[in-house]
Amino acid sequence: MSLPVQYVWLIPLLPLLAAGIGAVTPRGGVKIASAAAIGAMVLGFFLSCGALATALAHPAAHATANFAWFDLGAGTLRLGWVLDPIAAFMLVMVTFVGALIFIFSTGYMHEDERAKQFFCFLSLFASAMLGVVIANSLLLLFICWELVGLASYLLIGFWFHKPEAAAAAKKAFITTRIGDLGLLLGMLWLYDSTGSLLFYDGGHGVLEPTAVANLNAQLVFGGLALSTVIGLLIFCGAVGKSGQFPLHVWLPDAMEGPTPVSALIHAATMVAAGVFLMARVYPLLTPDALKVIAFTGAITALMGALIAVAQNDIKRILAFSTVSQLGYMMLAIGVGSWVAAIFHLLTHAFFKALLFLGAGSVIHAAHHEQDIRSLGGLRGPMKVTFATFAIGMMALAGVPFLFSGFWSKEAILHAAHGWEVSHLPFYMGLTAVVLTAFYMTRLMAETFFGKARTHASEHAHESPASMTIPLVILAVCAVALSLLAWPSPWLQHILDPKAHAEGGGAGLMVLSIVLVAIGIGSGWAIYGRTTREKATSADPLAARVPGVIAFLGARMKFDELYAATVFQLNAALATAADLLDRYVWDAAVRLLAQIGIFAGLVNRETDEDGLNGGFDATSESLRDTGKAYSRAQTGDAHGYLRTVAIGFVLLVLIVMLGGRR
Amino acid sequence: MSVVVVATSASEWTALRVVDSLALVATATDRFLECAPVMLRDAVTGLLPDPWRWIANGLFAIVAIFAVFGLLFAFLTLAERKILGRVQNRPGPNRAPTPTFPFAKFLGKIRTYGLAQPFADGVKALTKEDIVPDGADKVLHFLAPVALLAFATLTLVVIPFGRNLVALQLDAAVLYFFAAGAATELAVFMAGWASRNKYSLLAAMRALAQLISYELPLLLSWVPVVMIAGSLSTVAIVEAQAGWKFGFIPHWHVLTPWGFAGFVIFMVAALAESNRSPFDLPEAESELIAGHLTEYSGFKYAFFFMAEYFGMCALSGMAVTLFLGGWRAPLPFLEFIPSYAWFGAKLLALILGFMWIRATFPRLRIDQLTRFSWKFLVPLALINLGNTVVWALMSGGSPALALARWPVCAAIIVVPFVWLGRAQSASYAPRTYRYAA
Amino acid sequence: MSLSPLQLCLLFSSALFCVGLVGALSRSNTILVLLGVELMLNAANLNFIAFWRFSPSPSPATGVMFVIFSIAVAAAEAAVGLALVIAIYRHQKNIRLQEANRLKG
Amino acid sequence: MILPLVIIALLTIAVAAIAMTLRNLIHSALLLIGSWAGIAAFYFWAGAEFAAFAQVLVYVGAVSMVVLFAVLLTRRSRADLEVAPDAIGRGLGAMLAGGAVLGVLFGAVFATRLDVAPTAAPTASVRAIGQQLMGAHAASLLVVGVILTVALLGAVVIASTDREGGKEDAR
């Protein structure tokens, strides 16, 4: 069972069809829409497995299918899709996680009267995401990229009657657009300098050695290579989409959307698209660009983990954890190990989807109570959710050996350790490891241990099978994905056959195990041993260092910072523009108008007597003629026909008598 | 039975062109029975000088058709009454006059077992008073039955009744057949309008609605045959069904998925076109008054009846020609039986089927009737058209493809049949009367 | 003066055309006017067949093609025309063509 | 050869002329259908049998039905039964115009030198017509199909009573 590259387009097409079906089904047709969406994803999953089989057969080859879209002046704009191991792994991951989340959604959304649209949007998103994955052209990727953004906007704002949701949707859309501007600029520049946007095109693609060498050779301002600039511009897009510092602010707010959306889009797939993009264009990235990427990633990882410590909303915590983990992935790319980034992307997709779905299950059971201080004691009534959530938590925290997160994180830390440029990112990553373990322990302890602190969590009971079964499957995967790492060089070989495999450093592994133990231990010491009594009682950590926690709880005041700087600047610019408009331009326009009026005055005198009189006379005569002719419009069809007949006779007579040559 | 017409080249004929048939006898099988009608024709027309022979041939054909189908009509009425009687557990007509011959008293009374019934009916019809309603449009009132019979007879002309037995060989014979058949609607209208009776007129309009509705599936159902045979000529269509696969399965169109579907659609539409039960609403004598025939009596009424039977024979004959292999024998070793006998046998089988259906099925309501045509038969016929295209496309290639077209084409027609049938079966349920017990 | 068959055909079609024209011009019943127009159309078709039959033609079936398409279009015309007649009837309760002149100038 | 043509022509013209003068609409329509059949006979005589059958099928079979239905659907009005006040004047005008056209056309036919008729009649077998229709004229065939469909829908729309418009009509 293998799927040739020529048919890879079927995989995004299926969800697109499902979205179409969802769009045209009547309001009540949730069953049809959800069945179409799930069916498309399951079928897509099998096709993706076929594609993976194809890709693994020739791991080094970038199988492509390109075609001309339209002619643009002298050149031809070509699109296409590519099938290589990285794309294939992403396809399998997206379709598999997507299918499970769709199934979960049938349970989660079944009370919502607009569930039909929900499945339509989800399918649209899945289609666009799969398009991003298989795109072999930066343009096609950009198109799907923007479609992904649109679907994300629609889904975050799905409950648009909530003002926060509507605001969050707008924020997400606009913030990511800022990054996309960079991507668009980079793309245009790339097309300008290479004349192609295809990644792989039998030696002519932009990622292939000829073009890369060419780009490296060109220098622009400041001695930077052209490829550095283009790479950084493309990175802007990834920063926006993947919630990297400083454009991470939209991601936590995006949690206003339904939880399956958070799981699918804002944890597993879409936010990973930025990482995927950077891995895809990795050949284009110069060491200069990589430095920027590495430091951005490291800062994001540390910052996300710090903020997550002080959050109270279960989904917010997971959101900042996502930000942090995405930072890890960027860090991996920056330090040159994009394979580790992709590995972490895959494992993260599974356990973070698991965590979000588990959170969704909790929220669903607790009647939409999201504050962990108000939960508690759910271990008893929600056994399945608890068990699977715990597996996800351990995978995220990096509990050794059994859980996939450990291996992927290990790979990243190892790569960071081996980076020649600086060890600073490595240490930031280590700090984040401790913090991750800490805040996840806190989350577990607050949510599942202790006793129920509110009415809602007291009466919580296990979610339906349509929600728990995906949880179980994802939990199994979160463990089983360790196998990808086990024959350690295997994934490395498949993804990047050229790179040489390095043996794992045992010392580094021990260090990180110790750090995880410290994180979990301290978390348990503070939150687990003595559990919270009341929902309103103070946080033990906040009691000790109130200032820091308040600062972190306010998300390091980024929103306020932006409000104070960017928005103020914007407002100032607007005011300046307004003033310029009102006084300078307006004055000029008014002056011109005065001149015009004067000229008009002069003109009118000549006009009224000379020209106007003439026009009036012409108009009058035209109107009279029209009246005269309209009298011929008798409404008598016989008359018309008679006229035609007589006209015909006259014509024939003229031709026959006069026109004969 | 009728006249041989085979043009020296099919493209170069003019009306009623008749070619000397002696050349043809050599090509046809030279058995005596097979050639008997042609030889009879030649014996009669050979008496005339050559320039007049085509007129003689034409007259011969007309006389032959009227004689054969007139007799057939007579005995079909009897057969119908007998069969209906048997189905309804009664004897049917069995007391037709038993003639006695005064000059040969020794013969005594001759029992005819009711076989003389048609002649008795004929005498009765001829001697009844011919009533024309006051205020009727007398000319049209007279013309309507005549026109109906004329059109019905015209359709018989292009049917090949046997090898070399076709009165008029046309390049577009099938089209001619249905063009002439379409004209019968006019006669129905004339009858209804000329009677100056509002019920007649209403019934005529209803009959027209039915005829027009069923014209469409009727026309659409034979188009696949024309596509496959590649000709509109009835002779060529019969020719296309010649031969046997594996030596015993005839190449009849009815034995293919599309052909079978087309045949069934054709027969259902033919039932409606010839006003036969269960589609006999135009003259449903037991519940509506006799429709556009209300004001007719005597021999004009008999004409209408004759036209109905002629139409039935013509449509059955066309069905035989298009789908059942025409005059061809079903098995190779049965070819010794003359071709016209085979044609007659198939024709009679179909007509007896008509009678069987009449005795079995209840009548439809008018709304069910039209809905059945527009929502069931027409879509199915259109699908069958596409089905035939699939069949033709698949038959060009490999043997595997040729084998695969059987299930594929069967599925293409069966699935919509089941689906449409399921979707509509509810609308043919008996009406429930709310206030009646 | 002897007439060739072609000329006879043309005379036939001219005469038919004029019958249609006179009918269309003189009758007040819209249906009959329409039928007159239909007759004129048929007369035109006659010419196609006549020229096809009696003069050298570039391709063997050109005239017949013309007629077939013309018949198809005429059928469409008849359907729409008679629908219009019914609409007129519904509007003014008769189908006198002279009275259908609301839009006169 | 010529005799059938003359007979057909005279019959057709006579039938059409009578149809155009009768007061009885149904008789007119039926006679006109007869003249259409006569035209079909002319096609037959000229060797265009496909066109002849198409003519019969379309005109005698289909258009006639539409005409008759239209006649019956619009039969109630008194105004149509009376002679219109301007009938005589219009009839005279029609005769004049028709006569002028007839004269001009006859003159043109007589005055024009036409090519000598070819000895053999052209052949247009049904197969050839079919191939032309599906080959060289496929696009036209599609267009005609579209026209017929649109005309059918248009006729339905025009002739159908819309419920909202009903009140306005009753005014």
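Each chain carries a letter (A, B, C and D) given by its place in the written order, and its residues are counted from 1.
Here is the rule we use: contacts are C-beta pairs under 8 Å (C-beta built on N, C-alpha and C of every residue); 3 or more make two chains touch, one makes a residue touch a chain.
No experiment lies behind these values; they were computed from the predicted model shown.
Least step count on the touch graph, chain A to chain B: 2. Counting C-beta pairs in contact, the pair that comes out ahead of the other among A-C and A-D is A-C. Compared with chain B, the chain whose C-alpha mean position is the greatest distance off is A. Chain geometry summary: the mean Cα position of chain A and that of chain D are 67 Å apart. Distance between chain C and chain D, defined via averaged C-alpha coordinates, is recorded as 5 Å. Annotation: 30 Å between the Cα-based centres of chain B and chain D.
Multi-chain contact residues of chain C (touching two or more other chains): 21, 24-25, 98. Under the contact definition stated at the top, the residues of chain A that touch 2 or more other chains are 638, 642, 645. The residues of chain D that reach two or more other chains are 47, 50, 54, 62, 69, 90, 93-94, 97-98, 101, 105, 123, listed in rising order. Counting only pairs that meet the touch rule, the chains in contact are A-C, A-D, B-D, C-D. On chain D, the positions that touch chain B within their shared complex are 26-27, 30, 33, 44-45, 47, 49-50, 53-54, 56-57, 60-62, 64-65, 68-69, 72, 123, 125-127.
Residue ranges on chain D touching chain C, taken from their complex, read 1-2, 5-6, 9, 12-13, 16-17, 19-20, 25, 28-29, 32, 35-36, 39, 42-43, 46-48, 50-51, 54-55, 58-59, 62-63, 66-67, 69-71, 73-74, 76-80, 84, 86-87, 90-91, 93-95, 97-99, 101-102, 105-106, 109-110, 114-115, 117-118, 121-124, 128-129, 132-133, 136-137, 140, 144, 147-148, 150-152, 154-156, 158-159, 161, 169.
Remark: chain D residues 90, 93-94, 97-98, 100-101, 104-105, 107-108, 111 touch chain A in the complex.
Here chain C touches chain D in the complex through residues 1, 4-12, 14-29, 31-32, 35-36, 38-39, 42, 45-46, 49-50, 52-57, 59-61, 63-65, 67-69, 71-80, 82-87, 89-91, 93-96, 98-99, going by the rule given at the top.
On the chain A side of its complex with chain D, the touching residues are 638, 642, 645-646, 648-649, 652-653, 656.
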